[in-house]
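The same chain A turns up in both complexes below, where it pairs with chain B and then with chain C.
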Partner chain A sequence: MRFESRARRRWLVVLFYVAVAGLYCGGRFVHASAATVIWIEGVCAAFFLTLFIIFTWIAGAARCKDEREIQRVNHAHALAHRIFVGIFAAALWYVMGFHKQLPNPVIGAGYMLFITLPGTILLWTEPDMEEPQ
Partner chain B sequence: MQDNDRKPESPGESGLYNRIAVLRAERATSRQQLADAVGVNYQTIGFLERGEYGPSLKLAFQIAEYFDLPVEAVFSTRPLKPLSQQVYASSQSVEKG
Partner chain C sequence: MNAELVFFGRRVSMAPRNRRRILVALIYLFLAGMLVAAYSFAAWRAFSPYVIWSVIIACRLFLGGYAPGGLVKPFNGKAPKQFEMPSPLLALRLRLYPAIPGADGEAYRSDERELSQRDRAHYRAYQVLGASIVVPWFVLSLLSDPKLFGWSAATVDHLCAVLLLAILALFFTLPQAILLWTEPDMESEQQPIS
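Up next is the complex of A and B:
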């Protein structure tokens, strides 16, 4: 699959979050046996581990990032940090204001966002790539 | 507007004008060749040409050295004259002098 096109990358991001949300909702509303849940979690973990290996070790080791790419990655992490601080402040306001614990799905979504947000920002904002003419 | 439609010598987001595209065309150098010579991704050369990225001082000097020109001949904070016009003007002044 080629990801030179930004539109295609944006579709991948949407598809990823829809799939994660679908899996999460499926896990909450379908009362499967414990063994089935463990199998599904295992498959998901293997899938994410494979993605991690492909995108960080193999792709990263093949070529060092240049100064523009490092700047883009740093910018994505800084932006993700700012967004996450906002989300964290809202969560804190909810907990302190209403004296309630955050619902588990919100905490789960927070973890997912914390891990994936910098990559998502990069995929979403990096312009279309060109051919080396 | 598409990113590729920008004029190659416009300052873009970086606020820096450059002649990389003109020099590359003049010397029949591909983005990949220039990128390999200065140690960056070829995409970065495209971003530089469109003025969407301002290079570090080191990269600016490396590019100027690759073209065997002073850095101010490749990069400028002010709009650059077309090379042909500049060359013609300097040859005219030499003839007069």
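Up next is the complex of A and C:
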């Protein structure tokens, strides 16, 4: 599968985060037996794991070949830092301040966002690449 | 990065790297003290806003970056809003004058080299913070006993909240701290006349 086209990379990013959302929320909104919920969670987890491997492989393959790539990676991290801190602080404030709960799901989802956000920014913003002849 | 810190009307040269490192160490010592105090008090919910305010004031007065003022230029490159109203009397008494941005706020805009350093510092900070987020996750997952230590009133919730506060403090201060720590000695503006 080729990912030189930016549109394809963006579809992958959207699909990946839909799978993440499905993994986190899927079991909570289904009012079925425990066995059915486990099956749904299992399918979502397998789908997520496959996409995660593809996602990190593609995001990693686009990295650090030359000075320009290093600059782009650094810039993606700077942007990710600012985006993440806003989302994470708001989520913590909402969960711990309003609901007075331990933020286990927030930390789990936050970590997932943290490790994937720079790659997402790179995949989303990098223009169309030239296809190898 | 600015080579000079204006602190309550006094101009302090921060060109030598040693001075900047001492400043960074003092800020983190103070923040660590605040976090230990938050951990020691049973009413950590009431104390945590003070930690957050300490971080904001540290950025506003000393570090900069995520707030206008301080040594590092604003990361977003924008000058703060200028108001028509004169400064309050208390601010004037404390000699906290608003900075003069100059034409188009160029004093707040980073050049190509500074942007590159900013991005590099964020990259480094991101690696450290990635490791630090795992700690409260492990604490929540592994420690199931709500009463953590026999000698202390602290619980797992308590410890987790303080760790998250520490992570938030790091998020807002670490890139600036890395910049201030690693940047070599700056040249003094007053060169001797030969």
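We adopt the following convention: the second predicted complex is superposed on the first by the 78 of 133 C-alpha atoms of A that agree within 3 Å, B and C clash if a C-alpha of one lies under 4 Å from a C-alpha of the other, contacts with A are read in each partner's own complex, and residues count from 1 in each chain.
We adopt the following convention: a contact is a pair of C-beta atoms (placed from the backbone, for glycine too) under 8 Å apart; a residue touches a chain by one contact, two chains touch by 3 or more.
For clarity, every value in this text was computed on a predicted model and none was experimentally measured.
Novice: I'd like to know which partner A:82 touches here: chain B for first, chain C for second, both or neither.
Specialist: second
Novice: Could you say whether A:67 touches chain B, chain C, both of them, or neither, answering first, second, both or neither?
Specialist: So A:67 only meets chain B here.
Novice: Which partner chains sit in contact with A:92 here, chain B, chain C, both or neither? Use first/second/both/neither.
Specialist: A:92 contacts chain C only, not chain B.
Novice: Going by the contact rule stated at the top, is it chain B or chain C that touches a larger number of residues on chain A?
Specialist: C
Novice: With both complexes superposed on chain A, which partner does A:114 reach: first (chain B), second (chain C), both or neither?
Specialist: Only chain C; A:114 stays clear of chain B.
Novice: With both complexes superposed on chain A, which partner does A:130 reach: first (chain B), second (chain C), both or neither?
Specialist: After superposition on chain A, A:130 lies in contact with chain B alone.
Novice: Kindly list the residues of chain A that each of chain B and chain C touches, one partner per complex.
Specialist: 71
Novice: Over in the complex, which chain A residues touch chain C? Could you list them?
Specialist: 71, 73-75, 77-78, 80-82, 84-85, 88-89, 92, 96, 102-104, 107-108, 110-111, 114-115, 118
Novice: Under the touch definition given earlier, write down the residues of chain B that touch chain A in their complex.
Specialist: Of all residues in chain B, those touching chain A are 3-4, 30-32, 35, 39-44, 46-47, 52-53, 55-56, 59.
Novice: What does chain C use to touch chain A in their complex?
Specialist: On the chain C side, the touching residues are 75, 116, 118-120, 122-123, 125-126, 129-130, 133-134, 136-137, 140-141, 156-157, 160-161, 164, 168, 171-172, 175.
Novice: With touch defined as at the start, can you tell me which chain A residues reach chain B in the complex?
Specialist: Residues of chain A touching chain B: 63, 66-69, 71, 127-130, 132-133.
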